[in-house]
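Before I ask anything, let me first share the structure, which is written out below as structure tokens.
Naming follows writing order (A, B and C), and every chain is counted from residue 1.
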Amino acid sequence: MAVAVKSGGAVKQFGAIRQNRHEYAKEWKKRTGGKVLGYFCTYVPEELIEAAGVLPVRIMGSHEPEDVTEPHIYKMYCPFCRDCLAQGLKGRYDYLDGVMIAHSCTHIRQAYASWTIHLPTSFQYYFSMPAKVQTPLAKPFLTSEMKAFKAALEKWTGQKISDDKIDKAIGVYNTNRRLMREIYDLRKSATPPISGMESMEMVVAGQMMDKKEHNKLLEQALTELKKKTGGNEPSSRLIIIGSEDDDTEFLDMVESLGASVVVDDHCTGSRYFWNEVVPKDNRLEALAERYLTRPACPQKDWEERTRWPHIEKLCDDWKVQGALLIQQKFCDPHEFDIPYLNKKLQEKNIPSLFLEFDVLVPVGQFRTRVEAFLEMIQQASLEF
Amino acid sequence: MIEEKFKTQPFKVFGKAKELRQGFYQSYATAKDEGKLTTTGSIMSFRPVIAGLGDFVHLGGEPYGAVVGADPIMSQQFTEETESRGYARDMCGYMRNYLGSMFLNKYAFGGPFKKPSFVFHVHFCEHHGKWYQIVKETLGVPVKVIDFPVGPPDDGRQESREDYLYNQLQESIPWMEKVTGIKYDDEKLIKALKNYFMNESLWGEIILLNRNRPAPIDIKTLYAFQIPGTLFPHEQRCVDFQKELLDEMKYRVKEGIAAVPVERARLMHDNQPPWYFLDLFRYMEQHGAVVVISHYVLFLGGTVNEKPDGSFERQPTPMEMGMKMTNRDEALRALVKWSLRRHSWRVGISNLADEKKDLEVKLAKDWHIDGAVMHFNRGCEMIASNEKEVRLALMAAGYPVVTYEGNMADRREFDEGQTMRRITAFMESMNLKKIA
Amino acid sequence: MITAGVDIGSKTVKVVIVKDGKILSKVIMPGGRKKDEVADQAFNEALEKANVKREDVLKIVSTGAGKKKALYAKDDISEVGADAKGVLFYFPNVRTVIDVGAEEGRGVKCDATGKVLDFVINEKCGAGAGSFTEAMSRALEVKLEDMGQMSLTSHGAVPMNAQCAVFAESEVISLIHKKIPKEDIIKAVHDAIAARITSMIRTIGVEQDVCMVGGLSLNVGFVKSMKDALGVDLLIPEDPEFIGALGAALAAQG
């Protein structure tokens, strides 16, 4: 379905696109004649894919129990990576012309590895994203990776990727990021016009669609949201910090209790779009700089800890009162950060609730915990 | 029919190996008092580079974690301490033991956990870079982590990976000088590297000899003999030991001296073993099933070269291949090329789709195995990656496979009864009864 | 030729006596703490039922977790081996056996002679199928033996994620609070366990004919869930709890 920008309903469309991501991608293919490239990690340089005229779509799970990945992935690898592979094994991504991954955590790499063995496509690319983003030495390496990837895309599509095309693509992506930042900024208000759940749907929808079309929806959404009046002040302002997390059912539950998730630090949220590419003559180096300096996935956050200063600023700017620490079960990089984050949040008098996620979450049980947590926050705010 | 019984004899180098092993961990505790440098980090951490600063003792996180893991009572104490500080139970088994020792300030070999001069480390799995972040925050030591670039060696991008690794290693040397105040000596680096290359090549050659029937060495003995190469592969004493071991292996092959008198079936074991339960291998030997090869035992401290026909041969050292190592730049280049080759330790952690599974099928063929025993190791997710695909590939190639769950360094995750039942069922399915 | 098989499981002891390919008697007894004594008692009772003297039994083979407790057994066989042989007695075309017990779930791939070609046992993340069902029957205040029929009357689909029995228990509690009809919850439990077992079986591959044994194979609702999940028909032998002992007795026949 081509995305029609309706008035008064852009925000709602994000959820619809997410629900119908496969239909969207298939229709896009038919409409444009272009290729679709599935990817597994948000460190993939989408701008180059866009410049190649290819649609990048993030491969994600469907939050359903599955019984097809056990021959391929350990059960003690995270539920998300298994859910992703399950979609492929169930044939839901049959329309993909290629798949790729940026060097990332062990678990998602396993999903990619098994995918390429059992669901081979003509284009399978391992982008060697450095893990030590903090070293200046990573920049020349990543720039050369960008160069090689660009060449591979050119070979695959049979089309040269000019600087002009890269500039245009960077323009589209920077606009995309700016628009989402602007919408996130609206959530700083005492009466956020968009909920945490809707914001997550907005970001996830963007990971599954043509950014040019996403931008149209975002512009419409921004106009609608700016006009919105008469909202309620949430009982608590929360931040959600986590692994990959796109469990909108859970967020919906939390917000149905009167709280609002006003900001986040996770990869189906702000980490994805936070910083723009700073244009320069060496376009590939500009892209490398952007990916090296974006808010770090915990897999890449060492030797120094950069996540906390970033999260702290989010908490300050969005006036956060409580933190939900969401971790995909068995997610190792997050398991490292959580004790430290808990400690820092405590020092800042921000209560935190740790929850372990699976493909499906026991919303009922989590509700009880979240209710108690919200009571605690409200108690604490009364005491100040 | 009378079953063939091979002659056996204990290894002559056994005593020497024991001597080399013992005292190592004590040497870490006393090193500073003796004016030696102490460091810590992964054992894959390009240790020869530290040698440019002089004599040093490196507390390898993984073997220390393993040695603690072999003592279930101590391991439980240490790992519970780590867990009580909020670190999840499914995190690296070696790391939880190591951190617990550090948190409790209790060295496994007596006395306190001594703070090293610095951490020199390599990041190749999700735990490694962050493991030493915790060490840094707890002990306040300077930390240098080298990022190991991952990718297939033949995709045309190897040169830029080599450059990335080379640049980091170059940068680490002035850093080391700064944190220790010691002037770096390139001659010591070159000597250490030559020893390191020789040791890796030697270890590979030793394992290659186990393709013979009867196998001259069993896996449990291999684990014991592997230790010098994992603890100090840059030292001359390791080269001397491995040369002696190689000679003895050649002798055993010539004389038909077996590891185990009855060799009915040859097996491959995958991943680290449960260090507290190496009797698993003795149990299989009681059925005439001898583990002759393990990817983990070969590529940790060893390397081989693959021939065009998919079988393996000795890997010549960079010196033998004519690589110049007359100065620091050349030496580091040689190290980088060596480390990023297809059949370096890299292949165990690469997690690249076809690489590991294809390699293991080739190992199975070349070592003439009859079946495989795979440890689904919950304690090391990196080495465990692609294991299920390896299993499918081995089975597709016609090898029966049995798997068992466990944790190489955390006894609590190992169900001895269940494991033994599976192994017994596997022996049965291979028509291997217990030798009377 | 008369042989006997004894299966010493975690909860019960079973003995089967076989003569020239015909079952002479079957006995099942609660295990108790002194398994060797119970094994003895069960054997004697089986002999009596079969009208056979001890010295007429040429060979006794034991199986099960406690197989070493049958001191009179000359030999033992693994549970997976016993499963394969026992099932083939009833269904010679079976090539995949699924055994779902209290604590352990197993899958066995065999050939026409009962030789085990491959097998799989549940990973730690995914254990406890039978005991989970028992625990849920208590939580739902429904008799265990009624769970099967009740789930067949369900029309609703309630997705449940039961990789971890602990997590799954939380889900069931919240479904009870939501006042979801009991039969729908029971079906959800059965479906979730079936998904987990099916997932495990896919590791060895599903080759027909497929047979299911073990305690949960007596639960008609669970059997339906398994058929739906696997997408193939399931053969269930009569007296599925005796398959292990039968297989051991047949192994003794040689």
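Here, contacts are C-beta pairs under 8 Å (C-beta built on N, C-alpha and C of every residue); 3 or more make two chains touch, one makes a residue touch a chain.
Just so we're clear, the structure is a prediction, and the values are computed from it rather than from any experiment.
Undergrad: Report the most central chain, judged by the distance from each chain's C-alpha mean to the global C-alpha mean.
TA: Minimum centroid-to-centroid distance belongs to B.
Undergrad: Which two chains are joined by the greatest number of C-beta pairs in contact?
TA: A-B
Undergrad: On a C-alpha centroid basis, what's the spacing between chain B and chain C, in Å?
TA: Whole-Å distance between the two chain centres: 41.
Undergrad: What whole-number Å value describes the gap between the mean CA coordinates of chain A and chain C?
TA: Using C-alpha averages as centres, the distance is 45 Å.
Undergrad: Which integer distance in Å separates the CA centroid of chain A from that of chain B?
TA: Whole-Å distance between the two chain centres: 37.
Undergrad: Among all residues of chain A, which ones touch two or more of the remaining chains?
TA: 70-71, 74, 76, in rising order.
Undergrad: Hunt down the residues of chain B that sit against at least two other chains at once, touch-wise.
TA: Residues 376, 378, 388.
Undergrad: I need the residues of chain C touching at least two other chains; which ones are they?
TA: 123-124, 203
Undergrad: What does chain A use to touch chain B in their complex?
TA: 70-74, 76-77, 103, 105-107, 109-110, 112-114, 116-117, 124, 126, 128, 130-132, 135, 137-138, 140-141, 144-145, 148, 298-299, 301-303, 305, 330, 332-333, 335-340, 342
Undergrad: Going by the contact rule at the top, pick out the chain B residues touching chain C in the complex.
TA: Residue list for chain B touching chain C: 376, 378, 388, 395, 400-403, 405, 413, 417-418, 421-422, 424-425, 428-429.
Undergrad: Which residues of chain B touch chain A in their complex?
TA: Chain B reaches chain A through residues 85-88, 90-92, 123, 125-127, 129-130, 132-134, 136-137, 143-147, 149-152, 155-157, 160-161, 163-164, 167-168, 171, 351-354, 357, 376, 378, 381-382, 384-389, 392.
Undergrad: Applying the document's contact rule, which stretches of chain C touch chain A when the two form their complex?
TA: 123-126, 159-164, 167, 170-171, 173-175, 177-178, 192, 195-196, 198-200, 202-203, 229
Undergrad: Show which residues of chain A lie in contact with chain C when the two form their complex.
TA: For chain A paired with chain C, touching residues are 64-71, 74-76, 79, 358-360, 362-365, 367.
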